[in-house]
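Each structure below is given as structure tokens.
Below are two complexes that have chain A in common, paired first with chain B and then with chain C.
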Partner chain A sequence: MARNLKMRIWRGDADNGALQDVTVEANEGEVVLDVIHRVQATQMGDLAVRWNCKAGKCGSCSMEINGKPRLACMTQVASYGDEETITVTPLRAFPVIKDLVTDVSFNYRKAMEIPSYEPPANLKPGEARMEQIDVERSQEFRKCIECFLCQDTCHVIRDHEENKKSFAGPRFFIRIAELDMHPLDILKNRKQKAQEEHGLGMCNITKCCTEVCPEHIRITDNAIIPMKERVVDVKYDPVRWLGTKIRKREGIV
Partner chain B sequence: MTNLERHSYDVVVIGAGGAGLRAAVEAREAGLRVAIICKSLFGKAHTVMAEGGAAASMGNVNDNDNWQVHFRDTMRGGKFLNHYRMAELHAKESPDRIWELEQWGALFDRTAEGKISQRNFGGHEYPRLAHVGDRTGLELIRTMQQRIVALQQKDGKTYQSMESHLKVFPELTVTEIIKEDGKVAGVYGYWRETGAEVLFEAPAVIIATGGVGKTFKITSNSWEGTGDGHALALKAGANLVDMEFLQFHPTGMVWPPSVRGILVTESVRGEGGVLTNTKGERFMFKYIPDVFKDKYADNEEEADRWYTDQDNNRRPPELLPRDEVARAINSEVKAGRGTEHGGVFLDVSKRLSAEVIKKRLPSMWHQFYELAGVDITKEPMEVGPTCHYVMGGVEVEPDTAAAVGVPGLFAAGEVAGGMHGSNRLGGNSLSDLLVFGRRAGMGAAAYVKGAKPVAVSAAAIKSAADRIEAPFTRSGGENSYSLHAELQEITHNLVGIIRTGSELKEAIEKIAEIRKRSANVSVAGGRKFNPGFHLAFDLDNMLLVAESTAKSAISREESRGGHTRDDFPQLDNKWRQVNHIASFNGTEVSVRKQALPEIPKELFDLFDVHELEKYMTPEEITKGGAR
Partner chain C sequence: MSGVFSPTRAKIKERTLRTDKWWLQPAITFGVLISFVIYATFRAFENKYYFVEPLISPFYSPCLSTSCIEGSSLLGQPFNNEYFGIGISPSLFILIFPLGFRMTCYYYRKAYYRAFWMSPPACAVAEPHTKYTGETRAPLILQNGHRWFFYFGLIFNVLLTYDAILAFRNAEGNWGHLSVGTLVLLLNATLLWLYSMSCHTCRHTLGGRLKHFSKHPVRYKLWSWVSVLNHKHPTFAWISLFGVAFADIYVRAVASGAWTNFYFF
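Up next, the complex of A and B:
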């Protein structure tokens, strides 16, 4: 059941740009990325859009659809009303390169600042033993497809460029939580670093990141809040604070 | 070009999927300065789409497993056309590569005793696939991506710069491998973001660009699978081996049209999913080929018992190698027993509870629910074959992954040929990436230590730059999107899952025609992130791949694995001794026959001679392998 779909597509670059109206054919079962591709093939050969897997697994086609951060490959055209215009714009938290493509290098720089996994020194290949229930806590965060929608929606950086320097964002809070909960990782001060170096304290748990996560990772409840609670525990509990000083432990447990 | 962006490295890796990243890790650990170039963002390569797992005979679930069993399964799956040495190295080294990932932080699903869990898969005698639910590829790529970062952090401490010795160049397309004096001297390409050109000078180049799926109409591959590495290697003077063998994965989504081709993991069958036609028949029992009759159950009762007792029952035929299942589905649909959308049914809801399905096949549940409105815990999926993997690829030396004929060039992963013979087993791809990615890194490191840097000449730069500029200098020429669509129609209709000589001949003519027209592609818009411009180069690569495939396919007058000829429907043991070698003279691809390397006696002796008789000529059997 082909129909004519009205779309508004943001076109431009870092210097200027505007929404352009187009009408494009849409067929049953199609997602927003399909119709963008049709526009590209038939009307705007140079329309820039990132995409890869087209199955919600790689997190490349992140954009804002009618103002909401979404994956274009997982957004059904039919989820909008027959007469509704679909407006697609680039991610707002990142600088525009061209059309729907933004410069997401902020995220890769932040990834390089997170201390890597540190295995026990004497663990030989194949000797690791872990319970399924223990790996599942970190596995939830390892489902992350790095679409950066959580980063895009997070109001700490969405309209506050100045915060980007000191704030890693939800994607990297779950990375830290993942390593913190990793049954084998031996680095002990991850939560404290999250607080002191990566801006965990700037998050005021509005859960916007959790809402937009296409993998349904419970970013706020399972990663951010538990880390915040533990950091607070140690920071404000004088006995535990003293303990960290007397026993000269590297950090908090 | 005075303001050309230039870089100089010991090794340039093209491709940031599993093989490329593993190669980069190895080369960096060997002390080299390494550049990783990829067409997409870092961490988006097609490896993330791999679902089922990585095959390695760790023996965690069934301790009868070992490298010899894995080797036998791999050779059988490839119908003995595999390069024996690659299959041997792969079977022997896979477990170490999986454990190594764990050392780098990967979190695989566990057995009750806390070891890495392993699941059943088509063609594997024992549960062998290390996995993370059905998102194993994501785990693999993320682990290596994070390993790269770990190495960069280490360099940061030593050299005060995290990117001085290992740097990722994302969204950059390589258009040419440059040779000087017959040896690799570097690569040339452009930033996708700006269209600006870049030269990398390096004595060694590792191609790890993955597959060619986008040459076909229905494919599980993303836009990146345009055979870039295959074409770059051909143009640099390397050979492509056995390009006729393409794997049509039996289960791709078929409805709605926008998702047609997207992969439905083999794990669905591994976990007990059953294939039926519209008459409700579990049809796979009709399609067990003679060579597999003693390994697969011929009745439902036995097949069902196998899920709980694998020692005393034969496997269900849904778990036959992929080529067999794909052909069976194709036949059912052709016989009019398919769905209205041209598929068959795959149902796991009757064997597993909703809770278990969502736990073991989470992304499948998600994919069908979100994209097709189907709840796989309650109803069957509609599936059909989709172009998934190319077995053919760059001819390499197995131990070093060095491309035959081009000093300084290496290839690993899907872009390399030989490992999988005529058909790849599921799960053998992820382990292939790790084993041969590492070997390519080692091979390049050894080569670089003995090689002098070669300077790239001004003439080579000019010629590469002219080629990039060309589509902008034309106006009113051909549209690359339309030519791509035409090519896909040709390959789909004439070089697809079932082939015949006359259609292949027609395909070769039509591909040549499109190639002529593609010389006149013009591009609208500027250089900045312009997909029409990008496709113009991808199209050129796909045309070379399609030509290699069609010409190899017309020459092979038999049916084997991922190459089925309607006019030569039988497996022919004489053809098992033949590899097809495609090469390029600058204007067209030619294909010649080359003798398959003879399997040595110690590997020959791993098989029951009666099994080998099904594949080998009497003379080969009498000889009993090379000594």
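Up next, the complex of A and C:
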């Protein structure tokens, strides 16, 4: 059943902008992205919005809906009350380009800073063999759709622009964890780099990244905290450090 | 101007546009934790009503000071009851270990960073601080010592479990009795084990640090079990906290004569 939905949509650019009121028809079963498209088609022809798959798999339509980082294509209009006004803004951790579109290139720069997978030198293409139980932890992290909602909600950069230089963010901590847990990755000092170059120590594990992840990746419990513990192994645990000098220990490189 | 009010970001004057009761959870956390801290501080300094055969309060076990009530010292009395002329409650010699375990716990960190330090108060709610260095500098870099408190915590779990076993005696020291106090101490010990076993450090120590689970099937199995418990770590953190407080309240009430420790047999 159709209803008239009250919305406030942020419109503007890097210099200026404001929330604009709009009333739009919303039909049963529609998501917020649907009604944004209707606004674009009927009332705001130049409204900028980034989207692609409309299935929660491309990560393009990330925005903030009633103040929460969400995918617009996965947010049911019916989840809000009949009289409730839905407020839609661009991601507030990144520079705005226009209306609901932000510049997320920060994330691509950070991605390039992460040392890539390094297999053993004598491993030829097609020869990699791994057991399922050795890779299943990493597989959870491969579900990431790079919507960057975790990056947006992380207060380390959301509330402190100056930290962007030294902090990779939760999306890239799961990348680091994925590689550090990879059974065939042999790169040394990945843990030290995570702490010293990618800012793992800046995270105070308040779990907002996990709360907003549309893929339900347990970012904090399964990636960030395990990485913090691995960092403790090599940097803050003299007993384990001594143990590695006496006897080769798995995982401590 | 920094954070969400940085020059390049969307010009929105509100610190958050969340319309739900985002403040409720940190407010409850603050209320519960501060209540516990006040009660625990009072009890740590009270220095009485902590032992009555066969029950001992978890706040005072093991009782290691010369001022400990006769029969309450499981591991002897290596500490004096005063130093530099200042009387010290036996509780103060041991409190750092369970306190440190909880203070550095990954779950409690989330809870108190949000509720007390408002860093951030809730997700997508701008924090009030102008500078942030996380856990990279003193004193917060000491959070990396969580595993040491975990190891000490295990020793305390063993001792408190032993206290619960000793509570299968009656006030005269005869074995084979069961009282409400026995159940209270057993429940407390059980909850503490669940809290410790579900800990992230425990999960890491048992198998999380491995690269090849397939080469360590026993540790993989242990890691898998602890991972299941780890899902419930916040729950265990809270109920074990209540368990400790309740065990102490019960022992205090019995020791002070307010309640009678009912014996089933």
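The rule is simple: the second predicted complex is superposed on the first by the 239 of 253 C-alpha atoms of A that agree within 3 Å, B and C clash if a C-alpha of one lies under 4 Å from a C-alpha of the other, contacts with A are read in each partner's own complex, and residues count from 1 in each chain.
Throughout what follows, contacts are C-beta pairs under 8 Å (C-beta built on N, C-alpha and C of every residue); 3 or more make two chains touch, one makes a residue touch a chain.
Computed from a prediction, not measured in an experiment: that's the story for all the values here.
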| item | value |
| --- | --- |
| Fit or clash - chain C, chain B, common chain A | fit |
| Which of chain B and chain C A:Arg142 touches, first, second, both or neither | first |
| Chain B versus chain C as contact partner of A:Met112, first or second or both or neither | first |
| Apex chain A: angle to the C-alpha centres of chain B and chain C, given in degrees as a multiple of 10 | 140 |
| First (chain B), second (chain C), both or neither touched by A:Glu131 | both |
| Chain B versus chain C as contact partner of A:Ala48, first or second or both or neither | first |
| Chain B versus chain C as contact partner of A:Arg230, first or second or both or neither | second |
| Smallest separation of CA atoms, chain C relative to chain B, angstrom | 11 |
| On chain A, the residue positions that both chain B and chain C contact, one per complex | 131, 182 |
| Chain A partner contacts - residues on chain B that touch it in the complex | 40-44, 46, 48-49, 58, 95-96, 99-100, 102-105, 107-110, 113-115, 117, 132-133, 135, 138-139, 142, 146, 149-150, 152-153, 162, 168, 170, 193, 222-224, 255-259, 262-263, 363, 366-367, 370-372, 479, 481, 523-526, 528-533 |
| Contact footprint of chain A on chain C as seen in their complex | 2-4, 6-12, 16-20, 106, 109-110, 113-114, 119-120, 123-127, 129, 131-136, 140-141, 144-147, 200-201, 203-204, 208-216, 220, 230-231 |
| Complex contact set, residues of chain A against chain C | 10, 12, 14, 16-19, 64, 66-69, 84, 87, 89-90, 92-96, 102, 131, 133-134, 152-153, 155-156, 158-163, 181-183, 199, 201-208, 211-212, 220-221, 225-226, 228-233, 235-237, 250-252 |
| Touching residues on chain A, where the partner in the complex is chain B | 13, 27-31, 34, 40-41, 45-60, 74, 76, 97-99, 101, 104, 108, 111-112, 114-117, 119, 123, 125-126, 128-132, 135, 138-139, 142-146, 179, 182, 185 |
